[in-house]
Amino acid sequence: MSQVGKIRFGLVGGGEGAFIGPIHRMAAELDGQAELVCGAFSADPERARRSGVEQYQLPADRCYASYQAMLAGEQERPADKRMQFVIIATPNHLHFPMAQAALASGFAVVCDKPLCLSVQQAEELRDLQQRQHVPFAVTYNYSGYPMVRAARQLVAVGTLGSIRRVQCSYLQGWLAQAQPDNKQAQWRTDPQTAGGAGCFGDIGSHAEQLLSFVTGLSITRLCADLNTFVPDRALDDDGTVMLQFAGGAKGVLTASQIAVGCENDLSLAVYGERGSLEWRQAEANSLLVHELDQPLRVHRAGGPGSTAAVAPTRLPAGHPEGYIEALATLYQEFISELQGLGPGDYPGLEDGVRGMQFIEKVVESSTRGAQWVDVA
Amino acid sequence: MSQVGKIRFGLVGGGEGAFIGPIHRMAAELDGQAELVCGAFSADPERARRSGVEQYQLPADRCYASYQAMLAGEQERPADKRMQFVIIATPNHLHFPMAQAALASGFAVVCDKPLCLSVQQAEELRDLQQRQHVPFAVTYNYSGYPMVRAARQLVAVGTLGSIRRVQCSYLQGWLAQAQPDNKQAQWRTDPQTAGGAGCFGDIGSHAEQLLSFVTGLSITRLCADLNTFVPDRALDDDGTVMLQFAGGAKGVLTASQIAVGCENDLSLAVYGERGSLEWRQAEANSLLVHELDQPLRVHRAGGPGSTAAVAPTRLPAGHPEGYIEALATLYQEFISELQGLGPGDYPGLEDGVRGMQFIEKVVESSTRGAQWVDVA
Amino acid sequence: MSQVGKIRFGLVGGGEGAFIGPIHRMAAELDGQAELVCGAFSADPERARRSGVEQYQLPADRCYASYQAMLAGEQERPADKRMQFVIIATPNHLHFPMAQAALASGFAVVCDKPLCLSVQQAEELRDLQQRQHVPFAVTYNYSGYPMVRAARQLVAVGTLGSIRRVQCSYLQGWLAQAQPDNKQAQWRTDPQTAGGAGCFGDIGSHAEQLLSFVTGLSITRLCADLNTFVPDRALDDDGTVMLQFAGGAKGVLTASQIAVGCENDLSLAVYGERGSLEWRQAEANSLLVHELDQPLRVHRAGGPGSTAAVAPTRLPAGHPEGYIEALATLYQEFISELQGLGPGDYPGLEDGVRGMQFIEKVVESSTRGAQWVDVA
Amino acid sequence: MSQVGKIRFGLVGGGEGAFIGPIHRMAAELDGQAELVCGAFSADPERARRSGVEQYQLPADRCYASYQAMLAGEQERPADKRMQFVIIATPNHLHFPMAQAALASGFAVVCDKPLCLSVQQAEELRDLQQRQHVPFAVTYNYSGYPMVRAARQLVAVGTLGSIRRVQCSYLQGWLAQAQPDNKQAQWRTDPQTAGGAGCFGDIGSHAEQLLSFVTGLSITRLCADLNTFVPDRALDDDGTVMLQFAGGAKGVLTASQIAVGCENDLSLAVYGERGSLEWRQAEANSLLVHELDQPLRVHRAGGPGSTAAVAPTRLPAGHPEGYIEALATLYQEFISELQGLGPGDYPGLEDGVRGMQFIEKVVESSTRGAQWVDVA
């Protein structure tokens, strides 16, 4: 079935009506080095088969009725036909059992964020992965944007000097009202499927990873004030967290899903002794860079000013690449590792574990009346 | 000296090398209804005289050596020559004695912000003004921008519905390093002249007034984490405050003077049940307005969409008005009140008192380890 | 080889070092409905094979040494294995013979722009296609952007009223200096490979199609002043064209490849009696819409305000899609036609012919001293 | 009446309902070095008096019934009371007789643009001024913006290298419909009061001056296609002009008053061999600067990067100054010349004459069917 030399993967989730599963397929295949060969696209076996055959153009025998069946079925295939990694693109509560089973079966894993439902689960996955020696990526996709990587590089080479202030904000408005008929809304606002945090599990977690990815700083203490503005909603849909970092930097992280009019407004600003940078996902291909007593410089994806801004682009500057391309860059790094080309530069279980710690501490702080809590 | 019918005013501060004093003169005179007739421009008598004669083109006998001399000298003049109000544009620690003396002498007062050094002083001024029955403005100048007034109107008429989240940020970078030779920096970072807060007295106070002016909400609790990043600086130069409002809204206010690359980046975003708005001083003539399930609308100063966006403009849409014009609008309102045209729409001692309460509570919270404190 | 049900295609061009060929592959495959099965990736047989096997992961027997070999080889394959369309992504001078041969062999064709080297060639291809009854797309990719389609819809439903002024500008800076070592620059500035126009063949042609696509207006007369600023360059690298349209509208089209600092700055503005719109590729997911006496509205890809802005998106509003996704939308339309789902909405030979007429007339006008010429 | 040492001026025009006259008063007085002392505010004597006394707070004897009366009345006053310059802020057709009479009476003149109705008139004024040796400013106010002056400096010091392409566009939408009740519209669209050009006299003339001011280039040939889109309008309301400059640069100038949604959108872009710059009045305090192979730099009014961007500011960077301040900078330069402080840097009769040549040639070209014409 598969083309010569392409890395083969399976997909869990992504069936009819899914949002992110099909995007994972696009991103994983974008650079032409990998190919979807199988899937467990739905918990409903008939729907799973139909999605696989009609939506993904797969043969019926690679459309499995469950992830367990897929893992078992693929293990039985000859090594040169078998899937080589599995993408987990399901509601949060399924990440842990699926990732655990996939690792136990020896498959490399790409898992959506947040990694799972608790720090304990996260640490189990980390330990298991270390025993199994297979790659594991957590798709904090914003870390795949060229200008986010350029930002990380600028911090790393010291352009900003010692960091003083970090601001990260992730604002959406789509949950400003109850959304009883929206499947995506349902599982994200249900503790059974989303876990202990709503907005902070869904997007606050992205913000935490983005700021950690770019700055390399460790959060030592936080104070979180979470809110649930929409009546009868069980989980937070908004909140602010004040942050203190090792080394003395301070920060604030805001996340909201009730910010009417905001689409998917993720932004990061980092201020250091000698310089600062600012990035907004809405203008993902630009990075604003200030140095003391210099005019603002606008670094651009594919443009001059930063090697890191060029590496993960597919097109010359001025030909916008977006969300799918950013996710594809994480896959490119992951796949190149599977191809034996050395370790890939993608978020893994360290990010996954740290992300669960962040979520747990945010919920703990807020539950205790927005008191400061230490972060390990 | 003065032209027929113009309101006459004096200026305290604003001598050679001053920043904001000359701007007050420009703003007060911009609309042609008032005229500078005297001043106490410097604590150094020779400098005061020279500034008045050479910079402000005043006759020597209206250039006073002290504010006390000015108040006395003007009181002795005939009513149709005497100054009618005094502008206090000095370092913070002088606001209280000067305003107190001016009120006691029966003069109307325009005083720069923050009003004074303590809530107690602020309340004294408020009480004194109520006894003297003279107008008193506190120049929170950002409330003079047309689109800030349009924002207030949108909130007031219910376009946003009940407010849930308020974000206000005021970032500057000019104090990112020690500024031993900068007079403006010196007094703002010295507790003797600036009071108990540095950054939060200087610009955090503007942010508080802006969000209160637009939303009409009352802060009930706050949690502030202030920082002093530059070595040997005595006062805060940065900080974040989490806010809780009467009625359940939440907010975050950030102010910094060490945000390298930021010029004077004041921004406000307000999110309600049904709509939101966003304003940035850097693009002061635009107001972004979202309503549920509608495309973003950009209201413009002088343009369609809001009567409040037109009233305080002097030019058709597209001819930018700026900081001086915003301040001039406050003066226009103040002067029209002096002309007997009814109460003006400008910030007064209520804002001044509330501003001092905010500053005191922010400092108290931060000093106690960034604990939540109640705000009266 | 191919997956069940996917449409199979071949690629001419796109070998090592190519820019646009690999992008065509990504775009054609993005939505999971088509699959590259063969190619003639280079005029150098060894390079062609290596590109196919290593870059595209194809079996060696589907990596052909020439497009002629590919057409012949694929025709011999069984119908359910054979490629179903061919993508021509080569320098301009090869478009005509390749497209002609592909059509003659009965293959559907996707050809890059400009279609060929002359109006005569273009008309030959159009006539041949009409006889062969196979789909033919010309990849004017900017017409795949959601907000370009939303713009077309707004014009079509009359939001702007009768159109008065059209402005289209396409500015790049990468050819501001001679580029002797840049393969992409070489063929674009060589009349043997690029045809009679340089900048206007390469990007002026995009601008013409974009404005025609959105407005539906026909150019009746034009006056072009082309320039060659870089010494020893054989073709135009810059120019301005004044336009007159049937019905009385006027316009101006500017294209340049010597505009230092411009990346790929394509923009369109259309002004009508009652409204106007503005689109810039650099912010491809926004469309500015003005109506008389209304505030500016910003329509967004995937957002409210226009069905046409939602249809061609893969992600919710605020998750940026870019250049590859726009091109993929053209492929999606083309492939759905091949799947028998009715006529696709993509630029075809009518656009290709009109584009060649435009180029010829622009060159004619400029050569005659920037005189007005009639356009048929 | 006037303050010690202030320069005294009179104003012609600017009475009740006027737009630009009051703005001239604000701008002239902004920096505290000049004072309005008299005026001929309207052709209607009663209205003239009322405007002067009520709007401008002047004594009745300085409110003249005509400009002739004002010139005569002021000449009779003692030298230390007499006005020192006169501002002409009337419809275009009055500029010439008023300026001529003022010069003949020995007064310095500030005249709005366009200078008059013909090149011949313009040259007469120039000759007369040279005989009278008094300063004469033409208020092309956009040349007072700090970033326009910074742009001129960047060109002058060679940052862009030899200039290749110049684009200037001035778009408004307020005349997209007939405006029978709008006094500002009436005289601007009436050949008796506006002269031979409508849109190009009113705003095209600004665009010509702006590009000449910044680039220093001379137009040698032009080809203009003017339009009158609104029925029954007598003058152009829209048009495009292709430009050729001495030295080989090319350009395009667009002006429109029917561009629905455009407020006052003046923009300039200049592309040279080694760099480029872009300025937009809507973001007047920023200047975009590109140099080959460098990231975009954004120079800011009052910010680092250019001495010319700091000199004409009154406030630190980030405190927006706008249209009035830009005009005030021209007055500052003019007034400082009157104060004997050396020649001021403001547009004068050379700009005025060149502007009339431009208008005449544009009309001539368009009238001849948009043919190329030589510009002296």
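By written order: A, B, C and D. Residues from 1 in each chain.
In the analysis below, a residue touches a chain if its C-beta (ideal position, glycine included) is under 8 Å from a C-beta of that chain, and two chains touch if they have at least 3 such contacts.
Because the structure is predicted, anything quoted here is derived from the model rather than measured.
Chains that touch both subunit B and subunit D are the following: A, C. Comparing the centres of all chains, each the average of its CA atoms, the largest separation from subunit B belongs to C. For the pair subunit A and subunit D, the distance between mean C-alpha positions equals 55 Å. Averaged C-alpha coordinates put the centre of subunit A at 43 Å from the centre of subunit B.
For subunit D, residues that reach two or more other chains under the stated contact definition are 262, 296, 300, 303.
Taken as a contact graph, the chains are fully connected, with every chain touching every other chain. Within the complex formed with subunit A, the residues of subunit D that make contact are 289, 293-300, 303-305. Put simply, subunit B touches subunit A in their complex at residues 160, 164-165, 167, 173, 176-177, 223, 225, 227, 229, 238, 240, 242, 244, 250-252, 254, 256, 258-262, 269, 271-276, 288, 290-292, 296, 369-370, 372. Listed in rising order, the residues of subunit A touching subunit C in the complex are 1, 3-6, 19, 22-23, 25-26, 29-33, 36, 53, 55-59, 172, 174, 262-265, 281-284, 300, 302-303, 314-325.
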